[in-house]
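First chain written, first letter: the chains are A, B, C and D, and each begins at residue 1.
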Amino acid sequence: MQISARHLDKMTVFDISGDIDLSTSPELRKPLLHELRELRTPRVILNLRAVRYIDSSGVASLVEGLKASRDVGSRFILFGLNTTVREVLQLSKLVRIFEICENEEQAVAP
Amino acid sequence: MQISARHLDKMTVFDISGDIDLSTSPELRKPLLHELRELRTPRVILNLRAVRYIDSSGVASLVEGLKASRDVGSRFILFGLNTTVREVLQLSKLVRIFEICENEEQAVAP
Amino acid sequence: MDRRSLLLRMELRSNPETLCVVRGALGQLAERLGFSESECRAVVLGVDEALTNIIRHAYAGQPEQPIEVWFHRIQVPSRGAGIEALEIILLDQGKKLDEAKLSGRALEDVRPGGLGLHFIRETMDEVEFSHTDGRNQLRLVKILPAQKPPAGS
Amino acid sequence: MDRRSLLLRMELRSNPETLCVVRGALGQLAERLGFSESECRAVVLGVDEALTNIIRHAYAGQPEQPIEVWFHRIQVPSRGAGIEALEIILLDQGKKLDEAKLSGRALEDVRPGGLGLHFIRETMDEVEFSHTDGRNQLRLVKILPAQKPPAGS
(Lines give C-alpha, C1' and ligand atoms only; values in the text may rest on other atoms or scores of the structure.)
Protein backbone atom coordinates (compact mmCIF):
# COMPACT_ATOMS: atom_id res chain seq x y z
CA MET A 1 0.00 0.00 0.00
CA GLN A 2 1.10 3.55 -0.75
CA ILE A 3 -0.42 6.65 0.81
CA SER A 4 0.36 10.28 0.06
CA ALA A 5 -1.26 13.48 1.26
CA ARG A 6 -2.19 16.64 -0.64
CA HIS A 7 -2.87 19.60 1.66
CA LEU A 8 -5.41 22.01 0.21
CA ASP A 9 -7.19 24.92 1.87
CA LYS A 10 -8.73 23.54 5.09
CA MET A 11 -8.79 20.05 3.66
CA THR A 12 -6.44 17.17 2.96
CA VAL A 13 -6.75 14.58 0.19
CA PHE A 14 -5.10 11.19 0.79
CA ASP A 15 -4.30 9.24 -2.38
CA ILE A 16 -4.18 5.57 -1.52
CA SER A 17 -3.04 2.72 -3.76
CA GLY A 18 -2.31 -0.99 -3.52
CA ASP A 19 -3.55 -3.53 -0.99
CA ILE A 20 -5.03 -2.61 2.40
CA ASP A 21 -4.84 -5.65 4.66
CA LEU A 22 -3.62 -6.68 8.12
CA SER A 23 -0.03 -5.88 7.20
CA THR A 24 -0.65 -2.46 5.68
CA SER A 25 -3.73 -1.03 7.43
CA PRO A 26 -1.62 0.54 10.23
CA GLU A 27 0.03 2.68 7.53
CA LEU A 28 -3.45 3.95 6.64
CA ARG A 29 -4.74 4.36 10.20
CA LYS A 30 -1.85 6.38 11.56
CA PRO A 31 -1.80 9.30 9.10
CA LEU A 32 -5.63 9.43 9.09
CA LEU A 33 -5.92 9.64 12.87
CA HIS A 34 -3.05 12.14 13.05
CA GLU A 35 -4.74 14.34 10.45
CA LEU A 36 -8.04 14.27 12.34
CA ARG A 37 -7.07 14.15 16.03
CA GLU A 38 -3.84 16.17 15.99
CA LEU A 39 -4.23 18.56 13.06
CA ARG A 40 -8.04 18.67 13.26
CA THR A 41 -8.27 19.31 9.52
CA PRO A 42 -11.91 20.27 8.83
CA ARG A 43 -12.25 17.98 5.80
CA VAL A 44 -10.36 14.73 5.22
CA ILE A 45 -10.83 13.11 1.81
CA LEU A 46 -9.72 9.61 0.75
CA ASN A 47 -9.09 8.84 -2.91
CA LEU A 48 -9.53 5.06 -3.15
CA ARG A 49 -9.33 4.79 -6.95
CA ALA A 50 -6.03 2.87 -7.02
CA VAL A 51 -6.88 0.51 -4.17
CA ARG A 52 -6.45 -3.02 -5.53
CA TYR A 53 -7.60 -4.89 -2.43
CA ILE A 54 -9.22 -4.11 0.90
CA ASP A 55 -10.26 -6.49 3.67
CA SER A 56 -11.92 -6.13 7.07
CA SER A 57 -8.83 -4.56 8.64
CA GLY A 58 -8.91 -1.91 5.90
CA VAL A 59 -12.61 -1.30 6.48
CA ALA A 60 -11.92 -1.11 10.23
CA SER A 61 -9.37 1.65 9.58
CA LEU A 62 -11.94 3.59 7.55
CA VAL A 63 -14.46 3.21 10.39
CA GLU A 64 -11.86 4.46 12.86
CA GLY A 65 -11.24 7.47 10.64
CA LEU A 66 -14.98 8.15 10.47
CA LYS A 67 -15.35 7.93 14.25
CA ALA A 68 -12.37 10.23 14.82
CA SER A 69 -13.88 12.72 12.37
CA ARG A 70 -17.15 12.69 14.31
CA ASP A 71 -15.26 13.27 17.58
CA VAL A 72 -13.54 16.39 16.27
CA GLY A 73 -16.43 17.57 14.07
CA SER A 74 -14.59 17.15 10.73
CA ARG A 75 -16.00 15.83 7.47
CA PHE A 76 -14.68 12.47 6.28
CA ILE A 77 -15.26 11.73 2.58
CA LEU A 78 -14.44 8.76 0.35
CA PHE A 79 -14.28 8.92 -3.44
CA GLY A 80 -13.10 6.81 -6.37
CA LEU A 81 -14.67 3.58 -5.14
CA ASN A 82 -13.83 0.90 -7.72
CA THR A 83 -15.66 -2.43 -7.97
CA THR A 84 -13.36 -4.17 -5.48
CA VAL A 85 -13.76 -1.52 -2.78
CA ARG A 86 -17.49 -1.14 -3.44
CA GLU A 87 -18.10 -4.89 -3.14
CA VAL A 88 -16.30 -5.10 0.21
CA LEU A 89 -18.05 -2.03 1.64
CA GLN A 90 -21.39 -3.43 0.47
CA LEU A 91 -20.60 -6.77 2.10
CA SER A 92 -19.81 -4.93 5.34
CA LYS A 93 -23.22 -3.18 5.17
CA LEU A 94 -21.32 0.00 6.01
CA VAL A 95 -21.69 1.84 2.70
CA ARG A 96 -24.44 4.07 4.05
CA ILE A 97 -22.51 5.33 7.06
CA PHE A 98 -19.80 6.92 4.89
CA GLU A 99 -20.06 10.13 2.92
CA ILE A 100 -19.19 8.97 -0.59
CA CYS A 101 -18.56 11.18 -3.64
CA GLU A 102 -18.31 10.25 -7.29
CA ASN A 103 -15.08 12.13 -7.89
CA GLU A 104 -12.58 14.56 -6.42
CA GLU A 105 -14.39 17.62 -7.77
CA GLN A 106 -17.48 16.75 -5.72
CA ALA A 107 -15.42 15.84 -2.68
CA VAL A 108 -13.61 19.21 -2.54
CA ALA A 109 -16.66 21.28 -3.57
CA PRO A 110 -17.55 24.05 -1.05
CA MET B 1 -5.50 -17.10 -22.72
CA GLN B 2 -8.09 -15.84 -25.21
CA ILE B 3 -7.57 -15.71 -28.96
CA SER B 4 -9.91 -14.36 -31.60
CA ALA B 5 -9.46 -13.82 -35.34
CA ARG B 6 -10.43 -10.90 -37.54
CA HIS B 7 -10.38 -11.78 -41.24
CA LEU B 8 -9.54 -8.82 -43.44
CA ASP B 9 -8.70 -8.72 -47.14
CA LYS B 10 -5.90 -11.29 -47.68
CA MET B 11 -4.87 -11.01 -44.05
CA THR B 12 -5.94 -12.16 -40.61
CA VAL B 13 -5.39 -10.38 -37.32
CA PHE B 14 -5.31 -12.52 -34.16
CA ASP B 15 -6.11 -10.64 -30.96
CA ILE B 16 -4.50 -12.49 -28.06
CA SER B 17 -4.96 -11.81 -24.37
CA GLY B 18 -4.05 -13.35 -21.02
CA ASP B 19 -1.25 -15.78 -20.19
CA ILE B 20 0.60 -17.86 -22.78
CA ASP B 21 2.29 -20.77 -21.01
CA LEU B 22 2.58 -24.56 -21.19
CA SER B 23 -1.15 -24.99 -20.55
CA THR B 24 -2.39 -22.44 -23.07
CA SER B 25 0.21 -22.33 -25.87
CA PRO B 26 -1.50 -25.16 -27.83
CA GLU B 27 -4.52 -22.87 -28.14
CA LEU B 28 -2.24 -20.33 -29.81
CA ARG B 29 -0.29 -22.78 -31.98
CA LYS B 30 -3.26 -24.56 -33.52
CA PRO B 31 -5.15 -21.61 -35.04
CA LEU B 32 -1.86 -20.02 -36.18
CA LEU B 33 -0.65 -23.14 -37.99
CA HIS B 34 -4.12 -23.74 -39.48
CA GLU B 35 -4.24 -20.18 -40.80
CA LEU B 36 -0.82 -20.51 -42.39
CA ARG B 37 -0.60 -24.13 -43.54
CA GLU B 38 -4.23 -24.82 -44.40
CA LEU B 39 -5.66 -21.44 -45.38
CA ARG B 40 -2.34 -20.04 -46.60
CA THR B 41 -3.41 -16.52 -45.66
CA PRO B 42 -0.80 -14.18 -47.20
CA ARG B 43 -0.41 -12.06 -44.06
CA VAL B 44 -0.91 -13.23 -40.49
CA ILE B 45 -0.79 -10.54 -37.80
CA LEU B 46 -0.65 -11.06 -34.04
CA ASN B 47 -1.90 -8.36 -31.69
CA LEU B 48 -0.06 -9.05 -28.42
CA ARG B 49 -1.18 -5.90 -26.57
CA ALA B 50 -3.31 -7.74 -23.97
CA VAL B 51 -0.83 -10.54 -23.31
CA ARG B 52 -0.16 -10.52 -19.56
CA TYR B 53 2.45 -13.28 -19.51
CA ILE B 54 4.46 -15.30 -22.01
CA ASP B 55 7.08 -17.98 -21.35
CA SER B 56 9.32 -20.15 -23.51
CA SER B 57 6.41 -22.32 -24.70
CA GLY B 58 4.68 -19.15 -25.91
CA VAL B 59 7.83 -17.99 -27.67
CA ALA B 60 8.18 -21.49 -29.19
CA SER B 61 4.66 -21.14 -30.64
CA LEU B 62 5.57 -17.80 -32.17
CA VAL B 63 8.71 -19.36 -33.69
CA GLU B 64 6.62 -22.21 -35.10
CA GLY B 65 4.25 -19.67 -36.63
CA LEU B 66 7.19 -17.82 -38.15
CA LYS B 67 8.65 -21.02 -39.62
CA ALA B 68 5.26 -22.06 -41.06
CA SER B 69 4.91 -18.61 -42.62
CA ARG B 70 8.33 -18.97 -44.27
CA ASP B 71 7.34 -22.41 -45.61
CA VAL B 72 4.21 -21.08 -47.32
CA GLY B 73 5.65 -17.66 -48.21
CA SER B 74 3.32 -15.63 -46.01
CA ARG B 75 4.17 -12.60 -43.90
CA PHE B 76 4.05 -13.06 -40.14
CA ILE B 77 3.84 -9.82 -38.14
CA LEU B 78 3.71 -9.06 -34.41
CA PHE B 79 2.46 -5.78 -32.95
CA GLY B 80 1.46 -4.32 -29.58
CA LEU B 81 4.47 -5.67 -27.69
CA ASN B 82 4.10 -4.53 -24.08
CA THR B 83 6.98 -4.51 -21.57
CA THR B 84 6.37 -8.10 -20.46
CA VAL B 85 6.38 -9.53 -23.98
CA ARG B 86 9.30 -7.36 -25.05
CA GLU B 87 11.42 -8.44 -22.06
CA VAL B 88 10.86 -12.13 -22.78
CA LEU B 89 11.55 -11.79 -26.51
CA GLN B 90 14.69 -9.84 -25.71
CA LEU B 91 15.80 -12.52 -23.25
CA SER B 92 15.26 -15.13 -25.99
CA LYS B 93 17.51 -13.12 -28.35
CA LEU B 94 14.81 -13.70 -30.97
CA VAL B 95 13.46 -10.15 -31.29
CA ARG B 96 15.34 -9.57 -34.55
CA ILE B 97 13.98 -12.62 -36.34
CA PHE B 98 10.37 -11.37 -36.11
CA GLU B 99 8.77 -8.63 -38.19
CA ILE B 100 7.51 -6.28 -35.47
CA CYS B 101 5.24 -3.26 -35.99
CA GLU B 102 4.41 -0.42 -33.62
CA ASN B 103 0.65 -0.66 -34.12
CA GLU B 104 -2.11 -2.25 -36.17
CA GLU B 105 -2.12 0.52 -38.76
CA GLN B 106 1.49 -0.27 -39.67
CA ALA B 107 0.88 -4.02 -39.59
CA VAL B 108 -2.00 -3.90 -42.09
CA ALA B 109 -0.46 -1.20 -44.29
CA PRO B 110 -0.12 -2.24 -47.98
CA MET C 1 -19.51 -39.23 -4.56
CA ASP C 2 -16.56 -38.52 -2.34
CA ARG C 3 -13.82 -37.80 -4.85
CA ARG C 4 -11.27 -35.17 -3.92
CA SER C 5 -8.15 -34.13 -5.76
CA LEU C 6 -5.39 -31.95 -4.38
CA LEU C 7 -5.01 -28.66 -6.19
CA LEU C 8 -2.44 -27.07 -3.92
CA ARG C 9 -1.07 -27.12 -0.42
CA MET C 10 0.65 -24.10 1.10
CA GLU C 11 2.73 -24.00 4.23
CA LEU C 12 3.34 -20.54 5.57
CA ARG C 13 4.15 -18.53 8.66
CA SER C 14 1.89 -16.28 10.72
CA ASN C 15 3.39 -13.11 9.24
CA PRO C 16 0.93 -10.53 7.90
CA GLU C 17 3.21 -10.01 4.87
CA THR C 18 2.35 -13.50 3.68
CA LEU C 19 -1.33 -12.72 3.21
CA CYS C 20 -0.76 -11.20 -0.23
CA VAL C 21 1.10 -14.32 -1.35
CA VAL C 22 -1.89 -16.53 -0.57
CA ARG C 23 -4.16 -14.02 -2.29
CA GLY C 24 -1.94 -14.14 -5.36
CA ALA C 25 -2.08 -17.93 -5.57
CA LEU C 26 -5.77 -18.23 -4.79
CA GLY C 27 -6.79 -15.48 -7.20
CA GLN C 28 -5.23 -17.46 -10.05
CA LEU C 29 -6.55 -20.79 -8.78
CA ALA C 30 -10.11 -19.48 -8.54
CA GLU C 31 -9.89 -17.96 -12.02
CA ARG C 32 -8.70 -21.32 -13.37
CA LEU C 33 -11.60 -23.10 -11.70
CA GLY C 34 -14.02 -20.92 -13.62
CA PHE C 35 -15.17 -18.50 -10.94
CA SER C 36 -16.27 -15.09 -12.22
CA GLU C 37 -14.08 -12.08 -11.39
CA SER C 38 -16.43 -11.07 -8.60
CA GLU C 39 -16.54 -14.62 -7.18
CA CYS C 40 -12.73 -14.81 -7.35
CA ARG C 41 -12.53 -11.64 -5.27
CA ALA C 42 -15.03 -13.11 -2.79
CA VAL C 43 -13.12 -16.39 -2.37
CA VAL C 44 -9.86 -14.49 -1.92
CA LEU C 45 -11.46 -12.20 0.67
CA GLY C 46 -12.90 -15.12 2.65
CA VAL C 47 -9.56 -16.93 2.88
CA ASP C 48 -7.65 -13.73 3.64
CA GLU C 49 -10.03 -13.04 6.55
CA ALA C 50 -9.63 -16.58 7.86
CA LEU C 51 -5.83 -16.21 7.78
CA THR C 52 -6.03 -12.78 9.39
CA ASN C 53 -8.04 -14.29 12.26
CA ILE C 54 -5.52 -17.09 12.73
CA ILE C 55 -2.67 -14.58 12.88
CA ARG C 56 -4.50 -12.16 15.21
CA HIS C 57 -6.48 -14.51 17.43
CA ALA C 58 -5.11 -18.06 17.34
CA TYR C 59 -1.50 -16.82 17.43
CA ALA C 60 -2.21 -13.48 19.16
CA GLY C 61 -0.08 -11.67 16.62
CA GLN C 62 3.01 -13.80 17.22
CA PRO C 63 4.96 -14.14 13.93
CA GLU C 64 6.71 -17.20 12.45
CA GLN C 65 4.06 -19.69 13.66
CA PRO C 66 3.02 -22.46 11.26
CA ILE C 67 -0.12 -22.28 9.12
CA GLU C 68 -1.16 -24.81 6.50
CA VAL C 69 -3.68 -24.27 3.74
CA TRP C 70 -5.00 -27.15 1.63
CA PHE C 71 -6.95 -26.61 -1.57
CA HIS C 72 -8.93 -29.56 -2.94
CA ARG C 73 -11.41 -29.91 -5.73
CA ILE C 74 -14.19 -32.01 -4.21
CA GLN C 75 -17.59 -33.42 -5.01
CA VAL C 76 -20.26 -32.68 -2.46
CA PRO C 77 -23.36 -34.87 -2.49
CA SER C 78 -26.45 -32.90 -3.49
CA ARG C 79 -29.83 -34.53 -3.98
CA GLY C 80 -28.36 -37.70 -5.48
CA ALA C 81 -26.01 -35.95 -7.88
CA GLY C 82 -22.53 -34.74 -6.95
CA ILE C 83 -21.68 -31.09 -7.39
CA GLU C 84 -18.15 -29.81 -7.77
CA ALA C 85 -16.66 -27.45 -5.24
CA LEU C 86 -13.45 -25.87 -4.04
CA GLU C 87 -12.59 -26.93 -0.50
CA ILE C 88 -10.10 -24.90 1.52
CA ILE C 89 -8.79 -26.19 4.83
CA LEU C 90 -6.77 -23.93 7.13
CA LEU C 91 -4.80 -25.46 9.99
CA ASP C 92 -3.01 -23.75 12.85
CA GLN C 93 -1.40 -24.82 16.13
CA GLY C 94 -2.46 -21.74 18.07
CA LYS C 95 -4.82 -21.19 20.98
CA LYS C 96 -7.86 -23.46 20.87
CA LEU C 97 -10.78 -21.65 19.32
CA ASP C 98 -13.48 -20.52 21.75
CA GLU C 99 -16.71 -21.20 19.85
CA ALA C 100 -18.62 -18.83 22.12
CA LYS C 101 -16.65 -15.89 20.73
CA LEU C 102 -17.63 -16.76 17.17
CA SER C 103 -21.18 -15.47 17.52
CA GLY C 104 -20.28 -12.32 15.62
CA ARG C 105 -21.96 -9.02 16.38
CA ALA C 106 -24.68 -6.72 15.13
CA LEU C 107 -23.32 -4.85 12.12
CA GLU C 108 -25.43 -1.83 13.07
CA ASP C 109 -22.99 -1.34 15.93
CA VAL C 110 -20.59 0.97 14.10
CA ARG C 111 -17.13 0.19 15.40
CA PRO C 112 -13.90 -0.97 13.86
CA GLY C 113 -13.40 -4.75 13.87
CA GLY C 114 -15.76 -7.66 14.12
CA LEU C 115 -16.26 -7.94 10.35
CA GLY C 116 -13.98 -10.87 9.59
CA LEU C 117 -16.31 -13.74 10.42
CA HIS C 118 -19.16 -11.97 8.65
CA PHE C 119 -17.03 -11.72 5.49
CA ILE C 120 -16.06 -15.39 5.74
CA ARG C 121 -19.68 -16.51 6.10
CA GLU C 122 -20.90 -14.22 3.31
CA THR C 123 -18.27 -15.31 0.80
CA MET C 124 -18.37 -19.09 1.40
CA ASP C 125 -21.00 -21.79 0.98
CA GLU C 126 -19.82 -23.79 4.01
CA VAL C 127 -17.84 -22.67 7.07
CA GLU C 128 -16.91 -25.23 9.68
CA PHE C 129 -14.56 -24.85 12.67
CA SER C 130 -13.11 -27.86 14.46
CA HIS C 131 -10.19 -28.90 16.66
CA THR C 132 -8.28 -32.15 16.29
CA ASP C 133 -4.83 -33.37 17.35
CA GLY C 134 -4.09 -30.06 19.00
CA ARG C 135 -4.77 -28.14 15.81
CA ASN C 136 -7.51 -25.69 14.88
CA GLN C 137 -9.13 -26.48 11.56
CA LEU C 138 -11.31 -24.20 9.50
CA ARG C 139 -12.99 -25.84 6.51
CA LEU C 140 -14.39 -23.58 3.82
CA VAL C 141 -16.33 -24.77 0.78
CA LYS C 142 -17.22 -22.74 -2.29
CA ILE C 143 -19.34 -24.41 -4.96
CA LEU C 144 -17.96 -24.08 -8.48
CA PRO C 145 -19.97 -21.70 -10.68
CA ALA C 146 -21.35 -24.04 -13.35
CA GLN C 147 -22.68 -26.39 -10.66
CA LYS C 148 -24.73 -23.92 -8.64
CA PRO C 149 -28.24 -25.32 -8.38
CA PRO C 150 -30.70 -23.11 -10.30
CA ALA C 151 -32.01 -20.25 -8.18
CA GLY C 152 -35.18 -21.06 -6.25
CA SER C 153 -34.77 -24.82 -6.60
CA MET D 1 26.13 -16.50 7.95
CA ASP D 2 23.84 -19.37 7.27
CA ARG D 3 20.47 -18.06 8.42
CA ARG D 4 17.45 -19.13 6.46
CA SER D 5 13.79 -18.49 7.16
CA LEU D 6 10.90 -20.19 5.43
CA LEU D 7 8.74 -17.83 3.43
CA LEU D 8 6.48 -20.39 1.80
CA ARG D 9 6.26 -24.00 0.79
CA MET D 10 3.95 -25.15 -2.00
CA GLU D 11 2.96 -28.69 -2.80
CA LEU D 12 1.38 -29.11 -6.20
CA ARG D 13 0.71 -31.54 -9.00
CA SER D 14 2.34 -31.78 -12.42
CA ASN D 15 -0.66 -30.19 -14.15
CA PRO D 16 0.09 -27.29 -16.50
CA GLU D 17 -2.95 -25.44 -15.11
CA THR D 18 -1.11 -25.05 -11.80
CA LEU D 19 1.66 -22.94 -13.30
CA CYS D 20 -0.38 -19.75 -13.06
CA VAL D 21 -1.07 -20.43 -9.37
CA VAL D 22 2.66 -20.52 -8.58
CA ARG D 23 3.16 -17.40 -10.68
CA GLY D 24 0.42 -15.66 -8.70
CA ALA D 25 2.02 -16.51 -5.36
CA LEU D 26 5.58 -15.77 -6.43
CA GLY D 27 4.68 -12.48 -8.11
CA GLN D 28 3.34 -11.21 -4.78
CA LEU D 29 6.21 -12.72 -2.78
CA ALA D 30 8.85 -11.14 -4.99
CA GLU D 31 7.09 -7.76 -4.81
CA ARG D 32 7.05 -8.01 -1.01
CA LEU D 33 10.76 -8.81 -0.94
CA GLY D 34 11.44 -5.54 -2.71
CA PHE D 35 12.23 -6.72 -6.23
CA SER D 36 11.45 -4.19 -8.97
CA GLU D 37 8.55 -4.93 -11.34
CA SER D 38 10.97 -6.12 -13.98
CA GLU D 39 12.88 -8.32 -11.51
CA CYS D 40 9.58 -9.77 -10.24
CA ARG D 41 8.70 -10.75 -13.81
CA ALA D 42 12.15 -12.31 -14.23
CA VAL D 43 11.92 -14.38 -11.02
CA VAL D 44 8.43 -15.55 -11.97
CA LEU D 45 9.61 -16.50 -15.46
CA GLY D 46 12.57 -18.48 -14.14
CA VAL D 47 10.47 -20.54 -11.75
CA ASP D 48 7.71 -21.06 -14.33
CA GLU D 49 10.30 -22.43 -16.76
CA ALA D 50 11.74 -24.74 -14.11
CA LEU D 51 8.25 -26.11 -13.36
CA THR D 52 7.48 -26.44 -17.06
CA ASN D 53 10.62 -28.55 -17.48
CA ILE D 54 9.68 -30.77 -14.55
CA ILE D 55 6.21 -31.34 -16.02
CA ARG D 56 7.48 -31.93 -19.57
CA HIS D 57 10.76 -33.75 -19.00
CA ALA D 58 10.98 -35.23 -15.49
CA TYR D 59 7.35 -36.40 -15.64
CA ALA D 60 7.09 -36.67 -19.45
CA GLY D 61 3.79 -34.80 -19.40
CA GLN D 62 2.12 -37.19 -16.95
CA PRO D 63 -0.33 -35.21 -14.77
CA GLU D 64 -1.03 -35.47 -11.01
CA GLN D 65 2.60 -36.18 -10.08
CA PRO D 66 4.00 -34.48 -6.96
CA ILE D 67 6.08 -31.30 -7.09
CA GLU D 68 7.30 -29.32 -4.10
CA VAL D 69 8.52 -25.74 -4.13
CA TRP D 70 10.26 -24.20 -1.11
CA PHE D 71 10.87 -20.48 -0.79
CA HIS D 72 13.42 -19.34 1.80
CA ARG D 73 14.97 -16.02 2.59
CA ILE D 74 18.66 -16.81 3.04
CA GLN D 75 21.99 -15.15 3.65
CA VAL D 76 24.71 -16.08 1.24
CA PRO D 77 28.29 -15.42 2.30
CA SER D 78 29.92 -12.76 0.17
CA ARG D 79 33.41 -11.48 0.87
CA GLY D 80 33.00 -11.61 4.64
CA ALA D 81 29.58 -9.99 4.74
CA GLY D 82 26.29 -11.87 4.24
CA ILE D 83 23.95 -10.76 1.48
CA GLU D 84 20.25 -11.50 1.51
CA ALA D 85 18.69 -13.62 -1.20
CA LEU D 86 15.57 -15.50 -2.18
CA GLU D 87 16.22 -19.23 -2.48
CA ILE D 88 13.79 -21.40 -4.40
CA ILE D 89 14.07 -25.18 -4.28
CA LEU D 90 12.02 -27.35 -6.64
CA LEU D 91 11.69 -31.07 -5.95
CA ASP D 92 10.21 -33.80 -8.11
CA GLN D 93 10.15 -37.59 -8.11
CA GLY D 94 10.35 -37.98 -11.86
CA LYS D 95 12.98 -39.40 -14.18
CA LYS D 96 16.52 -38.72 -12.99
CA LEU D 97 17.92 -35.69 -14.72
CA ASP D 98 20.49 -36.39 -17.44
CA GLU D 99 23.07 -33.62 -16.96
CA ALA D 100 24.41 -34.16 -20.47
CA LYS D 101 21.13 -32.89 -21.92
CA LEU D 102 21.37 -29.66 -19.96
CA SER D 103 24.06 -28.17 -22.17
CA GLY D 104 21.52 -26.00 -23.92
CA ARG D 105 21.82 -25.03 -27.55
CA ALA D 106 22.94 -22.19 -29.76
CA LEU D 107 20.17 -19.59 -29.81
CA GLU D 108 21.06 -18.68 -33.39
CA ASP D 109 19.52 -22.00 -34.33
CA VAL D 110 15.97 -20.74 -34.95
CA ARG D 111 13.63 -23.48 -33.84
CA PRO D 112 10.85 -23.77 -31.33
CA GLY D 113 11.94 -25.06 -27.90
CA GLY D 114 15.24 -25.15 -26.11
CA LEU D 115 14.74 -21.77 -24.46
CA GLY D 116 13.70 -22.86 -20.99
CA LEU D 117 17.12 -23.45 -19.45
CA HIS D 118 18.43 -20.30 -21.05
CA PHE D 119 15.60 -18.32 -19.39
CA ILE D 120 16.29 -19.96 -16.02
CA ARG D 121 20.02 -19.15 -16.18
CA GLU D 122 19.40 -15.57 -17.36
CA THR D 123 16.83 -14.77 -14.66
CA MET D 124 18.61 -16.32 -11.65
CA ASP D 125 21.90 -15.66 -9.85
CA GLU D 126 22.50 -19.35 -9.03
CA VAL D 127 21.17 -22.49 -10.73
CA GLU D 128 22.09 -25.87 -9.32
CA PHE D 129 20.71 -29.29 -10.25
CA SER D 130 21.14 -32.29 -7.96
CA HIS D 131 19.61 -35.67 -7.18
CA THR D 132 19.15 -37.03 -3.65
CA ASP D 133 16.92 -39.71 -2.09
CA GLY D 134 15.38 -40.49 -5.45
CA ARG D 135 14.34 -36.91 -6.02
CA ASN D 136 15.50 -34.30 -8.49
CA GLN D 137 16.31 -30.99 -6.89
CA LEU D 138 16.72 -27.66 -8.61
CA ARG D 139 18.04 -24.87 -6.42
CA LEU D 140 17.62 -21.32 -7.65
CA VAL D 141 18.96 -18.23 -5.91
CA LYS D 142 18.09 -14.61 -6.64
CA ILE D 143 19.89 -11.93 -4.68
CA LEU D 144 17.59 -9.32 -3.14
CA PRO D 145 17.80 -5.94 -4.86
CA ALA D 146 19.23 -3.72 -2.11
CA GLN D 147 22.06 -6.18 -1.53
CA LYS D 148 23.38 -6.47 -5.08
CA PRO D 149 27.09 -5.78 -4.94
CA PRO D 150 27.92 -2.55 -6.77
CA ALA D 151 28.46 -3.10 -10.49
CA GLY D 152 32.04 -3.82 -11.44
CA SER D 153 33.12 -4.76 -7.91
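We take it that a contact is a pair of C-beta atoms (placed from the backbone, for glycine too) under 8 Å apart; a residue touches a chain by one contact, two chains touch by 3 or more.
Just so it is clear, the model here is predicted, and its values are computed rather than measured.
Relative to the C-alpha centre of subunit D, the farthest chain centre belongs to A.
Our note on geometry: subunit A versus subunit D, Cα centroid distance of 40 Å, whole angstroms. Centroids built from CA atoms put subunit D at 29 Å from subunit C. Shared contact sites, meaning residues of subunit D that touch two or more other chains, fall at 17, 20, 23.
Annotation for subunit B: no residues touch 2 or more other chains. The touch graph of the protein chains shown is a line.
Listed by chain label, the pairs that touch are A-C, B-D, C-D. Residues 5-13, 17-18, 20-29, 31-32, 64 of subunit D are the ones that touch subunit C when the two sit in their complex. Of all residues in subunit A, only 19, 21-23, 53, 55-57, 59-61, 63-64, 66-67, 83-84, 87-88, 91-94, 97 touch subunit C in the complex they form.
Those residues of subunit D that touch subunit B in the complex are listed here as 15-17, 19-20, 23, 38, 41-42, 44-45, 48-49, 52, 55-56, 107, 110-113, 115-116, 118-119, 122-123.
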